[in-house]
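In the two assemblies presented below, chain A is common to both, partnered first by chain B and then by chain C.
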Partner chain A sequence: MSGLRPVIVGAGPAGIRAAERLVAAGLRPTVVDEAARWGGQIYRQPPDGGFTRPKSALYGFEAGKADAVHQAMAAIRDRVDYKPRTLAWNCEDRALDLLGDGVSETLPFSHLILATGATDRVLPFPGWTLPGVFTLGGSQVALKFQGCAVGRRVAFLGTGPLLYLVAYQYLKAGVAVAGVFDTAPFDGQLRAAPGMLRDPATLAKGLLFVGWLRAHGVPIHNNVRPLRAEGTERVEALVWSRNGREERTVCDAVAFGLNLRSETQLADLAGCRFRFNEMDRAWLPERDAAGRSSVPGVYIAGDGGGIAGADAAELGGERAALALLEDAGLPVEADRVAVLDRRLARVAAFRRALSAAFPFPEDWASSIADDTMVCRCEGVSAGTLRAVATSGQAREINRAKALTRAGMGRCQGRMCGAATTELLARALNAGPGDVGRLRAQPPIKPLPVAAGRPSDEAAS
Partner chain B sequence: MREILDCDVAIVGGGIVGGSAALFLRRMGLSVTLLERDWCGAKASGVNFGGVRRQGRPLEQLPLSQRAHAIWGRLPELIGTDAEYIRSGHLKLARSAPDLQALIDYRERSAGFGLDLEIVEGEAFRRRFPALGDRALGGSLCPEDGHANPRLVSPAFARAAAALGAVVREQTPVDRVERDDAGRFVLLSGEGLEVRATHLLNTAGAWSRRVADAFGEPVPLVSLHPNMAVTEPLPRFLDVNIGVEGGGVYGRQVPRGNMVVGGGRGFALDPDRARPQRDAMLSLMHDAAELFPQIRHAHVIRCWTGVEGYTPDRNPVIGPSRTTPNLFHAFGFSGAGFQIGPAVGEALAELIRDGRSSAPLDAFRIDRFPPTTITTP
Partner chain C sequence: MALLQRVAEQGRRVVRFTLDGIPVEALEGDTVLTAMLTNGDRLRRSEFADTPRAGFCLMGACQDCWVRTEEGERLRSCGTFIEDGMRLVSRGEWDQGGPGQGEAES
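Now for the complex of A and B:
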C-alpha cells in the first residue's frame, strides 16, 4: 500500500514491536538487523541448529517476555522484508547503506525507525585489557548465543541491572560466580526503591536476582572500587577495595560494565539534533515523547535514545510506529496511543530511579592511574588524555581525538568514548556535557574493503 | 566590557598557513593576533591526506615548495614536534605509456628545482617496489618527499607562535572587519573582542571569501571535499607515499600499519561541514584494493573529508589585495596546501616586513582573475 518505504534498524524489542504495529496498519517495513536471528541483545536467540536450551534456561524470569517478542516477529515474518546479518553502516540523503553477505546496497527510506539499542559503558581499570576480562554484555552474548561461559569462575563487576541479571544467568547455567562487585552504594538502591515501585515487576525481579544469588552463596559487595585485574596469561584475580580496605578475589574471568550507553551513530548520520542527557551522561538524539527525532520521518525507539530497558523499548517501538503512521496521515487507534503514552510517562520516573539506584562512580575519572589504557585500539592511556587537556591543547573531545588518536581506531569511540569524555571533563574541571561529543563518521563499524565497487561512471 | 588588542598584524584563520605566518612574524619581532573560528589546524590543514609532496606541483609553485621542504626538515626546532613526518619518498605511478611519458616530461621540466626525480620502470621498478607488482609500468620517485600527520603538524604551528608571544584566540569567529579612518584594520568578534592591526592576513582557507568580501574583493573560490579512508593496521608493505599520474587514488601506510587512501569527493552538509559520500567511499575502496591488493581483506575503520578552497586554475592566491592596502591573502590551495603552507606563512611574513618576498609570488597574484570573470556560487 501507498508509496511508503519504512525501514527499521534493529530487531530487538523496540524494532519488533515497531514492525508489528506497521504491519498491522498494512505497511511492509524492512527490518535490518546485525544479528543472525531476531530478539536483540536482551532476547538474543541461540544460533539455528544444535542449540536446544529452552527459553527458561536462556532468559530466566524473562522467558515469557522473550518468547512473546520472538513470537511477535515470527507472526509477521512474511509481511516484512527481514534482513538479518546486515549492518547499516551509513545514512545519507534519506537512504541507508547496508552490508550483508559482504555486499553493500543502498536502501532508500520514506521513514526510518532507529531501534539500535545499546552496548556496555566501559570505564577502564588497571588490567582490564587482560584476556579473561569481558564486558557484561559480551559475557551474556557468549552464554546466550555461543552457549559457553567466559570463565569457570567469574567475577561480576560494575553497576546496573545487567550486573545482577548476567550473574544470575551464569549461576543458573552452572558457572561458579566468584562474587558480584557493585560500585553503587547499597543505600542508593534503597533510596531508589520508591521510584522502582512505579514498576513493581522490575523491582521484584531485581530483588529476586539478588535474593537468588545470595541464597546460592554468591557474595554481593556494594560500594566497591576495582583496583586491578591480576594475572599473567589471563585473569587470575580481581583486586578491589571497599571503604579503603583492599581485598583479592580469585577468578579466571571478570565480566564488567557500568550500565549501558546508547548506540547513536546512525541518528547522528541521519542529521538528528543531539542534546546532552545528564542522567545517561551522554549525548542523545532529541526525541519527543512518541520518539520523533528532530528530522522529519526519523524516529528513535528503545535504548538507542536513552537507557530505559527492554520493557520500555517494547513500548517505545510501538509508539514510534504509531507516530510514523500519524505523520503519514494513516489512521491510528487513539486509545492505544493514550495507553502507550501513559506507560511511557512512567518510564521516565523509572529511568530516574534506575539512575539513582546504580549511580555513576563520579570518582572514577580522578582515581584512574595515568598508565591505564583507555583507548585500546590506538593504545592511548589516561595520562596522555589528561596531558592534552591540562596543557590547554584540547578542551573538547574531537580535538583530543585528533591530538592523541583516542577514539580513532576500530571502535571509533564506541567503547572508549564515555571514558574519554569523563577523563577530559575531570581534567578540565568541567562536566561531561561540556567537552563536546565525538562526531559519527561512516562507516559506523568497520567495513570490509572488499565491499567496494567501481564507480558508476567507470561502469557505464 | 570589550577587550581591545592592538597589534602589527591580525591573522584570520589558524590553519597551517596562518599558524606558520604567525610563527615567522613573531620570529621577526612583529606583534601578532591570530583569530581562529574553530580550533587551530582543525579544518583542511588538519584533516588532509598528509602527503608532504613537491613532485607533481606546477613549476611556478616549486620555489615556494622547495623553501617549504627546508622548513619541514626543521620541524622539531620550529614547532617542537616531528609530527610523524617521514621523508619516505613520493612515488608517482604510471599505469600507461603516455602516463610514463608525462612523468618523464615533468622530470625534465622541473630539472632545475632540485627535486632529484628518478624514473624507475620495467624490471627495475618491480624489483625495487615489489609491493606494487605489475600494477604500474613504472613511476617517478621524489626521494625526499614524504608524509606526516596533519592533525599534529598544523595545530603545532599556531602553538609555537603562541609560545613566542603571538596572541592566539580559538573559537573566535570574526564577525566584522573594516578599516578605520587611519587605514588600520578593526576586527570584531562578538561584543567582547576588538582587534586593531596595521596589517591583515586573510588565511581563512575555504572561508577566505568572507574576509575578502568585506573589502569588495571578488574571490574565485569554491569548496571541494577530498574523500579519504583508513584501514585497520596491517603488516608493513609500503614505505613510499603513492600517487598516480592522472589522478585517481593515492595512498600511504603509516608506521602503525594503517593504510590511508584517498580519492573522489565527499559532499557538503553546509558551508562549514562535509561528509564522505557513499559512492565515493565504495569506489575508493575498490580502486585502492586494485592498486594495493594487500588491503583487500582488511577493513576500513573510518572515512572522512574536509572543506578545501579551490581556484579555477588550481593555483593559490598569495599576495596583496588589489582593493585594500596592507591586506594580504593566502588561500585557494586547491587541495595541495599542506606541504607548501609553512613557506607561504614565511613569505607572508616577509611581505609584511619587507614589502616583498624572497620567493617569486607573481603567479599567485589575485589580479590574474579579472573581477568580471569571477562568478560567485
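Now for the complex of A and C:
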C-alpha cells in the first residue's frame, strides 16, 4: 500500500464519501478544500464563533443527510491529511499547486479525485450587476452561513429546483418573497412529473415548496423572461415579460440562477479529455460510470463532472474511491460496487426528468440587447461579442476571448462562459457545442498578490 | 441603507471596524462582505463604468466581491472574515483618486 498518495480536491458530499472509502481501505488521503469547514456548498457549515441555529433550521429536510456527511468526515478526521482554507490553483505533472493561509506548496499525487462541485449557471440581463442581484446559491449562502437575507423583499428568478427551495427557505425565515419567476414553461414541468416519480421524495419536496409558497400568497409565474433589474445604486424593481406582456415587480433584491454549472478547471489542467454534454449544455470531463477520467489515476466525482445533486455526489464520491482502489490493485467489495452502480443509474434517469422540467432558455441569445454587459469582470457587452462572430474574426470561444477579453477576467469565464458560448453559437448559426471550449488557465482563481508566493516565483 | 438584512444569529460578539473612515459594527463570524453590506449598499465602484458592485455568487467563484482596505490590500470579501480594527473602503478608487491612501473622512 505504500507509494500511494491519493489526493481529493473538495470536501463536500462527494469528497467526504470518497475519503471515507479510502480510509476504510487503509489509505491516508489528503483532502484539499477552499472552505474553512467541511460540507461543501449544499451542506456548508456556519463559521466558528457563536452561530447557534440547529441543523434542522439550516438544512431543513436535508438535515439528516447533512449531519451524516459532516459526521463521516469528523469520524475520519485523524486519518486524513485535511487542508482547509486551501486553493488548488494548478495541476501539472501529477502534482497540485496549493495555496493555503499564505503558504504555497506543491503536492504530488499518485491518484487524484476531483470533487470540485458547481456554482450557479447564469445568463446576463440588463441590470444584473446592480447591488441586490445575487445568485440563487449565493442567496442561500447568505441565509445559511451568515443568517442574512439578501434583501427585505426578494424576487426569485431563473429555473431549477434551487429556485423553489431558496424561495421557500426565505419565506420560512420571515423574508418577504416578491414572487417566483420561472423561465421554464409550466407544461414542461407537468410532462416531466412522471419521470420525477423515480425519486418520489424529491418530487414531494418540490410540490411542498410550491404549495407552501402559494399558500402564503407568493405569486409563481412560468415562462418568464427577465427584461431588466431597475435601479441606479441598487435594485428597485424587476421588469419581466411573459407571452410578450411586460410587468414590473417592486423588490430590493433578485436571487437568480438557471440550474448549476460544473467546476471543471482542474480536470482541464490535469489533461482530462472533455466532451460536450447536451443535457448540461456544457463541456464536461469524460468519465466512465465509476468516475474514471481519460487520464489514468484521475477521477471525477459529484457535480464537478455533470450536475446531478448532492445525493448523487455522495454515491459518485464513494464509487470513484472504489475505482481508485480497484485500479491500484486493492480489494473492493463487488456487492457494494453493484449497489452504487444501480443507484447511480437511477440518478441519471431522474436527472433527465429534471432537465425536462427546468429547461435552459434557448432563446436568450437572440433576445438579449447589444448593450447588455455579458462579462462582469472585463465589462464586455453582448454587441461586442456578436460583432467579432458575425465579422468572421472569431468562430471559436478562445479566439473571442482573446479579441474581446470576455472570460479573461478574474472569474475566468465562470459567470460569462455560458452566455459567451450561446451568443457566439447564435451569431454563427451553430450549436453551443460547435464553438469550442473555454480553456482553463493557472491560477484557476486569483492568488493574493502579497501572500504565499512560491520560492521560484512561478505564480508571478 | 444596508443591502443585507440580518434575520438570525444575532447573538454573536460585536466586531468594530471602519467603513470609509466611519466606525461601524459587525458580528464575529461575519464575512467582510456581510460586514460591509449590513452597513451599506455596495462593496466598491466598478472600474469600468463607475457603477456600484456588491458581489454576486458569495461562494468564491465570481470574484466580483473584492474590496480594498485603507492600506491598499485587496480582499475577496465573501471568503474573508471581519476582524476588529479593519479599515475598509467602499468608495471607488476611480472617483476618489488613488487606491487606499487612507484619505478617510469622518
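Assume the second predicted complex is superposed on the first by the 449 of 460 C-alpha atoms of A that agree within 3 Å, B and C clash if a C-alpha of one lies under 4 Å from a C-alpha of the other, contacts with A are read in each partner's own complex, and residues count from 1 in each chain.
Keep this in mind: a contact is a pair of C-beta atoms (placed from the backbone, for glycine too) under 8 Å apart; a residue touches a chain by one contact, two chains touch by 3 or more.
From a predicted model like this one, the values you see are computed outputs, not experimental measurements.
Engineer: With the two complexes superposed on chain A, say which partner A:41 touches: chain B (first), chain C (second), both, or neither.
Structural biologist: Only chain C is touched by A:41; chain B is not.
Engineer: Classify the contacts of A:137 with the two partner chains as first (chain B alone), second (chain C alone), both, or neither.
Structural biologist: A:137 sits against chain C, while chain B stays out of touch.
Engineer: Applying the touch criterion given at the start, work out whether A:150 contacts chain B, chain C, both or neither, answering first, second, both or neither.
Structural biologist: second
Engineer: Give one of first, second, both or neither to describe whether A:365 is in contact with chain B, with chain C, with both, or with none.
Structural biologist: Once the two structures are laid over each other on A, A:365 reaches no partner at all.
Engineer: Applying the document's definition of touch, where does A:409 land relative to chain B and chain C: first, second, both, or neither?
Structural biologist: Touch status of A:409: both partners.
Engineer: Now for A:104: first (chain B), second (chain C), both, or neither, which partner does it touch?
Structural biologist: Touch partner of A:104: chain B, not chain C.
Engineer: Touching A:446, do we find chain B (first), chain C (second), both, or neither?
Structural biologist: A:446: touches chain B and chain C.
Engineer: Tell me which touches more residues of chain A here: chain C or chain B.
Structural biologist: Higher number of touched chain A residues: C.
Engineer: By the touch definition at the top of the document, which applies to A:174: first (chain B), second (chain C), both, or neither?
Structural biologist: A:174: touches chain C, not chain B.
Engineer: Residues on chain A in contact with chain B in one complex and with chain C in the other?
Structural biologist: 409-410, 446, 448-450
Engineer: Could you list, by residue number, the parts of chain A that touch chain B in their complex?
Structural biologist: 90, 92, 95, 97, 104, 106, 269, 271, 393, 396, 398-399, 402-403, 408-410, 412, 441-443, 446-456, 458
Engineer: Using the touch rule from the top, collect the residues of chain C that touch chain A in their complex.
Structural biologist: 3-13, 27-31, 34, 37-38, 41-42, 46, 48-49, 51-64, 66, 73-74, 76, 78-79, 81
Engineer: Would you mind writing out the residues of chain B in touch with chain A in their complex?
Structural biologist: Against chain A, the touching part of chain B is residues 39, 42, 46, 151-152, 155, 159, 231-232, 264, 269, 275-289, 295-304.
Engineer: Under the definition above, what is the set of chain A residues touching chain C in their complex?
Structural biologist: 34, 41, 46-53, 57, 119-120, 129-135, 137-139, 141-143, 146-152, 173-175, 233-234, 253, 263, 376-379, 409-411, 414-415, 445-446, 448-450
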